[in-house]
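Multiple structures are listed underneath, in structure tokens.
Two complexes come next, and they have one chain in common, chain A, joined by chain B in the first and chain C in the second.
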Partner chain A sequence: MSAVATPAERATRATGVSLGRLPRGQWGTVLLLVALVVADVAVQPNLADVDQIGLLLQTALPAVLLAAAQTLAVLSRGVDLSVGSVMVTTNVLVATKLGGIEGSHMWAIVPIVAVGVAAGLVNGALIAYGGLEPFVATLASWAIFNGVALLILPTDGGAVPTTITNLVIGKVGPIPSPYVCVAVVLAFWWFLRRSPLGVRILAVGSDESRAFLNGIDVRRTKLWVYGMSGLIAGLAGIYLAGATSSGTPAAGDGFLLPSLAAVVIGGTSLAGGRGGIGLSVMGVLVLTFITDLVTNLQLPSWVAIVANAAMLLLVVSIRSLPNVLSRKETP
Partner chain B sequence: MTARIPRRLSATAAAYVVCAALFAFATIHSSSFASAGHVRQLLVFASFIGFAGLGETLVILGGGLDLSVPWLMALGGMQLSIWSAGGMPSGLAIVLLLAIGAAIGLVNGLGVTLLRIPPIIMTIGTGALVEGYLMKVGLNSSSAVTAPKAAQTLVENRVAGIPLVALVWIGAAIVTWWVLKRTVFGRSLYATGANEAVARLAGTRVVAVRVTTYAASGAAAAFAGILLAGYIGQAYLAMGAPYLFSSIAAVAIGGASVLGGSGSYWGTVAGAGTLTILAALLPTFNLSNAALNIVYGLVILLAVGASRIARRGAG
Partner chain C sequence: MTGSGIQPRPAAAPADPPPFGAGDADGLRVTGLGKAYGQVTVLEAVDLHARPGEIHALLGENGAGKSTLMKVLSGVVHADGGRIALDGRELTLGSPDAARAHRIRTVFQELSLVPDLSVAENLLIEQLPRLRVVGTIGRRRLLRAASALLDAGGLEGIDPRMRVAELSLAVRQQLELVKALRVEPGVLILDEATSALGPSESAWVLGHARAQASRGAVVIMISHRIAEVRGHADRLTILRSGHSVATGAPGDFDDDALIEQMLGRRVERLYPERTPARERVVLRAKGLHVPGSFGPQDLELREGEILGIGGLEGQGQRALMTALAGAVPFHGEIELNGEPVRYRTPRHAIRHGIVFVPEDRGAEGLLLSHSIRSNIALSSVEKLRGALRSIDPGAEREATEREARAVGLDVRRMGEPARNLSGGNQQKVVLARALLTEPRVLLLYDCTRGIDVGSKADIMAALAQLTARGVAVVYYSSDAAELVHLCDRVMVVRRRRIAGALDCGPALGEEDILHLAVGTRGDEEEEAA
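Let's turn to the complex of A and B:
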């Protein structure tokens, strides 16, 4: 490969790499997901119903959104440990500030969405312009935003406007809204991946210095990445408020490690530059269906945790097998 | 500039400056903060983070990360309590648990090195397997089991006025320092963390070195869990949860690079001290847990910034 390439060549190569290498992992994830859905439906035939699956999606959606946020950071060869705490920050804002506001006053949601974006931009600024490792910067903001959430609402509670609850449990025409939400997430990624920004993110993630040499503003790209990550994590908090009808300031930490697990099960590389939000959505669904399957088989809840962990380790082991075999002599 | 200070030393020194400044500030604010009884209590608290962060330091120095610490802590505390209730001598149970912790760490290390699974994912996976096991043994997050006398003794007894656990901790710190500074393993670990490919070409046994750090981390985390159970008087599933953050935060505040190859355990000791002093200081200002979280985050940024400036000055 030549070291010098025009931005355009670089761009095609970046997408070309991701598109060229994706199918293998992608189809594996698709097959895994289909197998789990079939098994789950076989065990629980009632599940083969639009509304039932919709309920399952509804439970999974905060995790779907956080995995999407995490994916953006991972694609840029970073990590966002603050996704869970940004989520609870907007979550408690909804539960404390919007309780009495109904209907046409829903514009008040806009500042709350902006809080999520601002939180992400803080991360982005620390990483891109402060020169901190993403791991360290978001380790700090993880604690800070958890603290902010606890400051706003010390214990579970608050009130969520019915407008938001209805959005979460309602339907858009004949379609239950969770489907629409997932579709919006996928559409967002579809457009982002084809946009110049998406190409820049993949380029920065696969080789930062090359991206820089090809005229990509690496810092601004990272700022965008974490800003969008904050936006999506913030939306997850609003959704969670609607789904549970309350504010849950301490719920964030439980979502952090699963968001990373889902990204990896989906097939996005932690080394950056390869993968996508669509894969991570499937990753979350794999974990969701394993848990649902265990519940439907009436097995104790620890089985779900073990099965999720075993699936994670199995999937990554299989993926790294070619690497291990091809470099057998090195270690 | 006068004589050059080694980079690693200056980053560690910055961590101690942060820690000492906080302690001085706390003492000015409330003179009883520096009383013998209170310092003893701080030492006990700090030792939990100290041991959870000991293995984490070694793993991070080698360019890895261990996220299974909280669950290994819960395993140490809960399994000890269960075995002791079943009549097993506590001494034997503690030794067995250290071995089991090391064995789980070994699995982490083998997964990371031989199967080439990213450390974050490998340790999330084994951590979750341990969590599943702990749920299986019949204890969910709401129920707790009583910790045995031996674990309480470790935390409560004193030798020459110093808590026994603090002495064990200082001993462990000296051993760790000696191993890192004076042994082939220590030098190999820094070399591996700084640049694994180069270290391998130079003949370093990279796999053995990295696997050892994960095994040490497993044992240290299990020990931290035993201590914590002894202090609380009982053990429960979520007991290790706060240490996912604080074990890594102590290392970061201590001036180690999260990319590996640079840092020291003395830095982590200062990091553990800093986190502990903050946790004790904020309530005296009537500040809640919420404020503590925010201050933790700010201190990480401050300490990382300070160690950067220190390195730049020294380098």
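Let's turn to the complex of A and C:
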């Protein structure tokens, strides 16, 4: 500490708390991710290549997007169980309704994106204005949209316009597009966190009644949250269609719990108000690299599943250690 | 504001409402204000007139309706009836935004700062859209504006980037005032704005209040500290049970008159005859200290004694009780029947015979869908085991019915789910459960709050029986009358310390407790501490 105390230092001394600029656990997650990447590259040296990593990112991207959508809901002290089923809904729409549409006619994608937004807005309206618990409202829409997807396309198949496929597997200038997509997600969060809406979301998630006292429209904020969640989940479905060149109506549920796991591993508080999409993206990457590592070690696939769970427990336990050691007052 | 239909009215409403009151510089005038939550009437007929340039204090017991009145004036709660006028214009306060549009600014007791946002974001939360640079909030602009506010308020030491949750309660309370002063308020409402503050910070708050009044603002201050009201308020209004019962200058009332107005008439006697406490000390605490919340303080509890814990709410009583119950870590030593004991969890405390009954029946483990019988048996299932270590139904029935009778529950209803019971009877179930564990020390935290008089009388009678058998009771209540009439001794807690202990007897009155609680009598002003 310098001779002259800065205001921050004075404040720290006055209140006896440390200046935790970064959320606790964030650095731990960063280190974990770096360790996993290093281990993975050690096992599989040809992974150390921009295109190879890009391929890994490409498979991870639907999960990245869903984790981003989930993060918004969790930040507002909610949950969105419908992210996976909204994703497969737009996914099968792309695979069935865009046959033969190419190039400059791609505006036809707009109504499909709108379906995702509409799904999210329905969730949001039920939660914000209908007074339903987020868990209940999105549990219902989880089932409904899974059903809708199967109605539109009963089995895997369909055809995806090559324009979309090329966008997903191609490059933007010299950069492989998966990198660009991840960058866009991070930029979206950077922008949102610094917008009044972002502050409102955090305020609502942190303490709804205090947010209300500050003149924040709690209900409209929640509507925004679930609307954006639906939008991002819808985009994930379009991306998935491009990545697999087909519609996969039953793939949604495999993404739901990992989206929550990624949020938790990243360090966004399930109690709302703290965390962010950047953290959740790290969470997805942790899960991706673990799975990849297990595959590269040629271990059976159940090991990957257990390893994912073990990672979740490990990260969460490390994070809660300080609380356990200094027992907090019970309410 | 919250979506449906409520439109914040702009400060200069196009159609001026008809004049009301004395016109231009009339200040804030409230007439006949009423508010009920369901069956419970909180405000019935409140009149209040606070003039520009004065600090107007609002006094009343806990539950008199002060905070509800403040919430109505802040647009948080909607009144059912009555009129509110500012400078002769009638106001409709449909939302916090509407109140703000009229430059009514409130320093809320339950602070309005959002814990997970930074100081800067909190201070400027209403302003955020205006601080945008290309869509995002300009961080520099935000920090600069926040620093300017902090400097103007005299809080240069606070880093605007800090998360509010990391700040102490005192600092948060000061920030709350700085936030309210962002816009020059026409009406400044301080809802117990000094309750978490020490003397120098209190002086800081009151200095700001005076400065605003001198500017011509209406300042309304709720305070429990009578000395503070005498020192700083120009006029005062006293609320009791939702009515405004007196108004005038502080000099018009002596302390006794103030307290009599706050308390009103005495409640009729519902307190049982008690056998006096014995001499033997059951529990002795030395240097009991919950950092930041209570103590360090010594404490003795005798066999068969009911030791009352009094004082204004939130002075550290809960920390004292939960520490004794093992629910909160504490420093200091506890002796039970002369033997030193150590316990760190409620479970250990219960093994030592120290049982805590909290105030919140619903949240604290009444299983509402389970029968009354199994709720009473819940903490004692180990004792009720029979063959094959399963619960012996006969023993369970016998034991639970014994305790149910002791607290005045109808034993014919033992099979009914607990949710069928009234609040008062639910509290009896919680008490019966505690009794079945055969406690040596019973800690009761505000267990009669919000229950009917009949249940109250039953609980009092059960306590009298219990203490006659030698059980010791520590009894916290926000109702001073209960303390005076039920207990052997009353300890009044003020600002985390025991301000004094009073022996209960015919000579003791509620006002003696209140005097100690608000600091008009007793160990005068440890202000320097």
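Simple rule for what comes next: the second predicted complex is superposed on the first by the 304 of 331 C-alpha atoms of A that agree within 3 Å, B and C clash if a C-alpha of one lies under 4 Å from a C-alpha of the other, contacts with A are read in each partner's own complex, and residues count from 1 in each chain.
In the analysis below, a contact is a pair of C-beta atoms (placed from the backbone, for glycine too) under 8 Å apart; a residue touches a chain by one contact, two chains touch by 3 or more.
Quick caveat, the model's predicted, so the values are computed rather than measured.
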item: Partner chain in contact with A:D156 - chain B first, chain C second, else both or neither; value: neither
item: Which of chain B and chain C A:V264 touches, first, second, both or neither; value: first
item: First (chain B), second (chain C), both or neither touched by A:N308; value: first
item: Touching partner for A:Y129 - first (chain B), second (chain C), both, neither; value: second
item: Which of chain B and chain C A:S320 touches, first, second, both or neither; value: first
item: Chain B versus chain C as contact partner of A:V148, first or second or both or neither; value: first
item: Intersection of chain A interface sets (partners chain B, chain C); value: 330
item: Of all residues in chain A, those that touch chain B in their complex; value: 79, 126, 132-133, 135-137, 139-151, 154, 253, 257, 260-261, 264, 270, 300-303, 305-306, 308-310, 312-313, 316-317, 320, 323-324, 330-331
item: Residues on chain A engaged by chain C in the complex (per definition of touch); value: 6-8, 10-12, 14-21, 128-129, 191, 194-196, 199, 202-203, 205-207, 210-220, 272-274, 327, 329-330
item: Residues of chain C that touch chain A when the two form their complex; value: 1-4, 74, 76, 95-97, 100, 108, 110-117, 121, 125-126, 128-129, 132, 135-137, 139, 156-159, 161-163, 166-168, 171, 322, 327-329
item: Chain B residues within the chain A interface of the complex; value: 67, 111, 113-118, 120-122, 124-129, 131-136, 200, 206-207, 241, 244-245, 248-249, 252, 257-259, 288-298, 300-301, 304
